[in-house]
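Take a look at the structures below.
Each of the two complexes below includes subunit A, the first together with subunit B, the second together with subunit C.
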Partner chain A sequence: MKKVLSVMLAMAMMLTLFAGCGGEKDKPADGETKKVEAGESKDSGDDGEKADSSDGGEITLAFVGPQTGDNAEYGKSMKAAIHIAIDEWNEKGGVNGQQIKLVDYDDANTSEQAASVAQKIVGDESVSAVIGHFSSGVAMTASEVYEESGIAYISGSAAHVDLTKIGDCIYRNNAVYATDANTMLQIVQYLGLKKIGILNPNSDAGVAVTTEIQNMMEAYGDKYDAELVLAELYEDGTVDFSATVSKFEEAGVECVYSSGAYAQTAPFIKQYREKNKDVQFIMSAACFSQEFLELAGADAEGVVLGTSFFYESSDEAVKAFSEKFNEVYGSNPSTFCGQVYDATYAILYAIEKGGSADRAAILENLPSTDFQGVTGKITFDEEGNCPKQQVLLKVEGGKYVEIPNVLKSQTDYEKELGVQ
Partner chain B sequence: MILEQVLNGVMLGMVYALIAVGYSLVFGILKLLNMAHGSIYAFGAHMALFIVSMHFGLLPAFLFAILTTGIISVLMDRIILAPLRAKNAPNITALISVMGVSYIIQNMMMIIFDSTKKTFPKLFDFGNVTFLGVTLTSTQIAMFLIALAFLVLLTVVVNYTKVGLAMRASRENAKAANMMGIDVRRIVTFTFFISGMCAAVAGVLVSGYYQMVYSTMGTEAGLKGFSAAVLGGIGVLHGSVVGGIIIGVAEALAVTYLGGSFRSATAYIVLFIVLLIRPSGLFGKDNIVKV
Partner chain C sequence: MGKLSSVYDSFVDFILKHKKIVLPVFLVLLAVVPLVIKSQYVIRVFCLIGIYCILTLSLNLIAGYMGQSSMGHAALYMMGAYFSGLLGAKLGWPFWITLVFGILGGALGGLILGFATMKLSAGYLSVITLAFGEVVEMVVLNWNSVTNGPLGVRGIPRPNLFGWELTPTNGGFYWLMLVLVIVAVLVSMCVVNSKFGRAVRAIKEDELAAKLMGVHTAAYKVQTIVLSGAMAGMAGAFYASMNRYIDAATFSFDISMTILCIVIFGGMGSIPGMIVGSALLISFPEVLRSLADYRFVVYGLLLILMMRFRPQGLLGGLSRRPYKLPAGVSRPGKPEDGGGTEEGKKVS
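Showing the complex of A and B:
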């Protein structure tokens, strides 16, 4: 009996180890990419056969993102957005007379898989540049590989400020945490709330954004009139938030901010709403998604969030993109979709400008990127970040509605507040 | 505050207890750790979701889930475990086989139902109840009561019915039970069916409680349920309930006083401490395995 028990406990511990890896043990762990039907994209996967880009053939871009697991929705929709961008270029004759194709890889949003996929990509000479990876931690693991081998990589969703500090090959078309944190503080002030609670995932990203908010509030001091009452973290994969909810209730928060992915924030909001109908939820662009509305259901009502892209903008390019996206994907594009769409354009412009799809030539021309994309003006600062201006959205009647002229850029806001 | 957190923990513990009894039932009879139980639990939830999404309502969904999940559990035994037993294969072979089954079920669900989180209708909603200054939601209370009723029913079946007697006899000594005219093979099949049913009941209740279903929901829940079973003394039904509640309360208190990042770690530390003091679990008997 004891023997049996000891074997079982050993198994339990082993399984816990796996479970610790984000419960992703069901994914192909050996870095084997899973092929997902992707329109014309044929992912050869192995390094054996590939198109030669130097022979006036095709230009190959790579997309990596979660296509299985909790965050699969993000990955699949981002891929669809990139396909739209590539199709648009191919329709007008490609870039420098060459057609563009996309190969896609699944990293299941895990660092282990991302690292091996990244190795595979840089080993494939035909790939000119890389877009994707969902979470910051995952993107940062893969970025080390891209930086080392000198291939341009643009993230459309990672927000950790350290990502672009990895090197000159790493670019980002997403708001950094400072922007997210600042947006959150502006929203709280706009709503006239005083007691803030924060619930972030216990990940690189979650901890970083919490720290960012704390630092910012400290810097603003008395000039900012709301206070941070309780900052909490949750384990990836948590479904029961009842204890956390009780803690927030006890602390008497008026609003809760979370930068987490909708798969976790939606159940949290639902469980909180059961106990308290009045608390205000402030989310990040991660919850700007049709799936969030579906998962949170009626409890999504009243949620506000800041995003640098809104599909109902009056901008013609945004309208056209949203229409196409609806056609191929069946729902409205999220912020990340818009951002990878623009990232694809940035790379293709760089190829056009340099007249070459060489990895080095792309890197040379990316810094001078300057065009009006669907997610605003696309330029990169010396670190490789694209400055973002966010808009405030509110969930009303089961859809997102823009509340215009509330959010300002961080510099404008700080000027107004009288800090700096 | 502390009372509220303890009650939150008790509710969560009932979720674990529901899963834990499934482990206990099979282990009691076959001394087999059914590692596929977590996946079977997720399977039950998905079966219910399937019927719900076809607009047949919750009750048919519940019945359909119980039936199909019971059947898949029996099939697993008949196709994989029974031949192994017939060949007198060591227990570890069966253990590895059920782990394989677990992956097969989980990935099948991923292929058929997609890997994203899907919404599941709320089971009950009659407002909140305030009790000793603590607010409990109706879903929490309903889940607690149904789980309790189900666990009592299960205990009655095992302890006070003829089938239960046969189950206990097979557990004590399968060979002797066989000689006394008990069809042990049928009892094993019955046990797997009941264990599958438990998984389905747990799956539907938990899905209704959290209002969502996803293909990997069995991984974490299965592990916690298993820990609850071991903590209470695996093979002992009421032990599973107590074990589940202890783990649930440990988690709730960990979140309260240590923060959300310490949730699982605390649960396992409690498990280790209990096992250090009572290696066979709280209610487990120190059986000496005679070779």
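Showing the complex of A and C:
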């Protein structure tokens, strides 16, 4: 026992010694830091990666996402989806005869680390384009760096209104708040309901979606025949919704919409159902998850939601992707996974079209992206957003079932409604 | 093991002995870093280290010298960032003015916190600071008309020095960081070696005794927290301008904990300890990137080992320098060996 302890003590002392010296040397010893940098630039990349060949004939894409911390699951699944896309291209011979490889970085979903990692990526000349960053705020911080150094970046998950406004290098393959808001209005109309209640999280997304809905209803005016009776916000971590439920009941809402995560919406639905069996719940893609069904249990029956990606869709490409994802990752792909998968394709098409993996060439060819991906038709508008058309899902018998041909794109819907 | 520890001690002694040479050389080397290192990533990590140097020096005033722990330091940091960022982004004020307001914002936060905690200490104070952190975050999240709520503040201007725009790319931010860190170090040194500093340390050792000696403890406590807040606000203003986008999630409870960790790791009450601690704890997660999933496991393990075997922190513990007595006071009998953590004047 004593021996073990003394060995441990020695180790600790060595660590402190190393640390103490390292600290003093860390700053002035430029050579050392540089070495670390050079050695680091090709770290990571573990699963499913091809053997490293020489740098000459390779195209490198970078993925950044949380791989440690609370949101690691999102980052890891997104990484798996990108690997699938890259493997598909590599199997058919790569792009313009060059194989593609992915380097991945962890930002732990914090702005601080994201900006550092972004600097690291733009400093690595071999990287052609970047995909990833999970949360909006994190993506916003990193985007400043990508925009400044002129490298194409596509987010598959961030929803902040201003993200793509940062500049020409910033693209997004995710539903914007307006899409979510519009989908909700379409669903309400489809169900023939008149009195809407909204319960959104007090986050960038929640506040923005509420505002979008209010603005849209105002713009549609008399042409839209339902009214918003109550809009509420809840704080992250809320478990008891009884006061909110009473408020909605007093206001006499027929349906409640929430764009919140399932961890909060599921208990809310359960608590609401105790008081009122008939109210209709409309959720967002955030509740399109197995965990939601498990958490809400029988109360999930009848819940409807719109999402840009449905893994059990009859579409052949989606089926193939879901199967592969299940094989590699052991679960069904989330919407974000589908979106980064398509983002990878968008970049590779741009490289193919321009005949070069040059950063500037990719930026030149991204705006003309046009293909059918697993998350719908992928095109980018002037700002860099991909207009999304969602599919309507309903929970029936503890499963999501697609109700086809209900939801339209926002432009088509507005045309039909007669507002421009 | 004894050997290792003596090597370590003699290394520290060597630096202390030759500080007149080591220090300027160290500073010059630091100043030329952006000229030598071209990697923006490394420069950015250095800037981040600088920010944490300021933040830990700021917390060090409260935790190291006054012996009170703050678990909501990120709130003061956030106030500085938001005051500066909002004035810059919404009103287009130049950085140098918003920096001043950032410092004032942090100080204001310190004033509020100081008055709330004037009569508290130890555990009670920790809880209040924790709550203060949450309150500030909630205000920022919900005061939409001013703070832009959860959407954050975008487009914060970069500093401009006589027509030269400082960017992370041209080394400007690095040098600015260096200047701000030096300011923070000088402020800390001045505080520690003044009557004010001695009074504050007296509060740490024994608040009741300090009171009996005529130290107005409540006033000193508030002043220390205000000063600490001003320093944290300075770091916040710098961060806001460097990143150009801030949101409430950036200044979470985790940041408060990181700051506290570095202060403990570096050695409470030691100015060089804060600098070395920040350099190590901020660069470790970056250096350990190759360990992928395990990097924070190793990081945590390191902290545990450190606390188990060197609880006084890297450079904390007994000072090897004799306590500097005020002029006209002579040392009775044999020279006293500095008893407490912060008895001696520290080198920096």
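Operating definition for what follows: the second predicted complex is superposed on the first by the 330 of 420 C-alpha atoms of A that agree within 3 Å, B and C clash if a C-alpha of one lies under 4 Å from a C-alpha of the other, contacts with A are read in each partner's own complex, and residues count from 1 in each chain.
Criterion: contacts are C-beta pairs under 8 Å (C-beta built on N, C-alpha and C of every residue); 3 or more make two chains touch, one makes a residue touch a chain.
These numbers were taken from a predicted model, which means no experiment stands behind them.
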{"item": "Touching partner for A:144 - first (subunit B), second (subunit C), both, neither", "value": "second"}
{"item": "Larger contact residue set on subunit A - subunit B or subunit C", "value": "C"}
{"item": "Touched partner set for A:232, first subunit B, second subunit C, both or neither", "value": "first"}
{"item": "Partner chain(s) touched by A:202 [first = subunit B, second = subunit C, both, neither]", "value": "both"}
{"item": "Which of subunit B and subunit C A:274 touches, first, second, both or neither", "value": "first"}
{"item": "Which of subunit B and subunit C A:68 touches, first, second, both or neither", "value": "both"}
{"item": "Touched partner set for A:107, first subunit B, second subunit C, both or neither", "value": "neither"}
{"item": "Which of subunit B and subunit C A:180 touches, first, second, both or neither", "value": "neither"}
{"item": "On subunit A, the residue positions that both subunit B and subunit C contact, one per complex", "value": "8-9, 11-12, 15-16, 19, 23-24, 26, 68-69, 202, 235"}
{"item": "Touching residues (chain side subunit A, partner subunit B) in the complex", "value": "1-5, 7-9, 11-12, 15-16, 19, 23-26, 68-70, 72-73, 199, 202, 232-235, 237-240, 242-244, 246-247, 250, 263, 266-267, 270-271, 274-275, 291, 294-295, 297"}
{"item": "Subunit A-touching residues of subunit B, taken from the complex the two chains share", "value": "1, 4-5, 8-9, 11-12, 15, 31, 33, 35, 91-92, 95, 103, 106-107, 110, 114-119, 128, 135, 137, 139-140, 210-212, 214-217, 219-220, 223, 226-227, 230, 234, 251-253, 255-256, 259-261, 263-264, 268, 275, 279-280, 286-289"}
{"item": "Subunit A residues touching subunit C - in the complex, by the definition given at the top", "value": "6, 8-17, 19-24, 26-28, 30, 33-34, 36-37, 39-40, 43-44, 46, 67-69, 105-106, 108, 110-113, 115-116, 119-120, 122-123, 135, 137, 140-141, 144, 148, 160-162, 166, 202-208, 235"}
{"item": "Interface residues, subunit C side, partner subunit A - complex", "value": "1, 4-5, 7-8, 11-12, 15, 25-26, 29-30, 33, 36-37, 39-46, 48, 138, 141-142, 144, 149-152, 154, 167-169, 243-247, 249-250, 254-255, 275-277, 279-280, 283, 285-287, 289-290, 292-293, 295-296, 302, 305-306, 308-310, 314-315"}
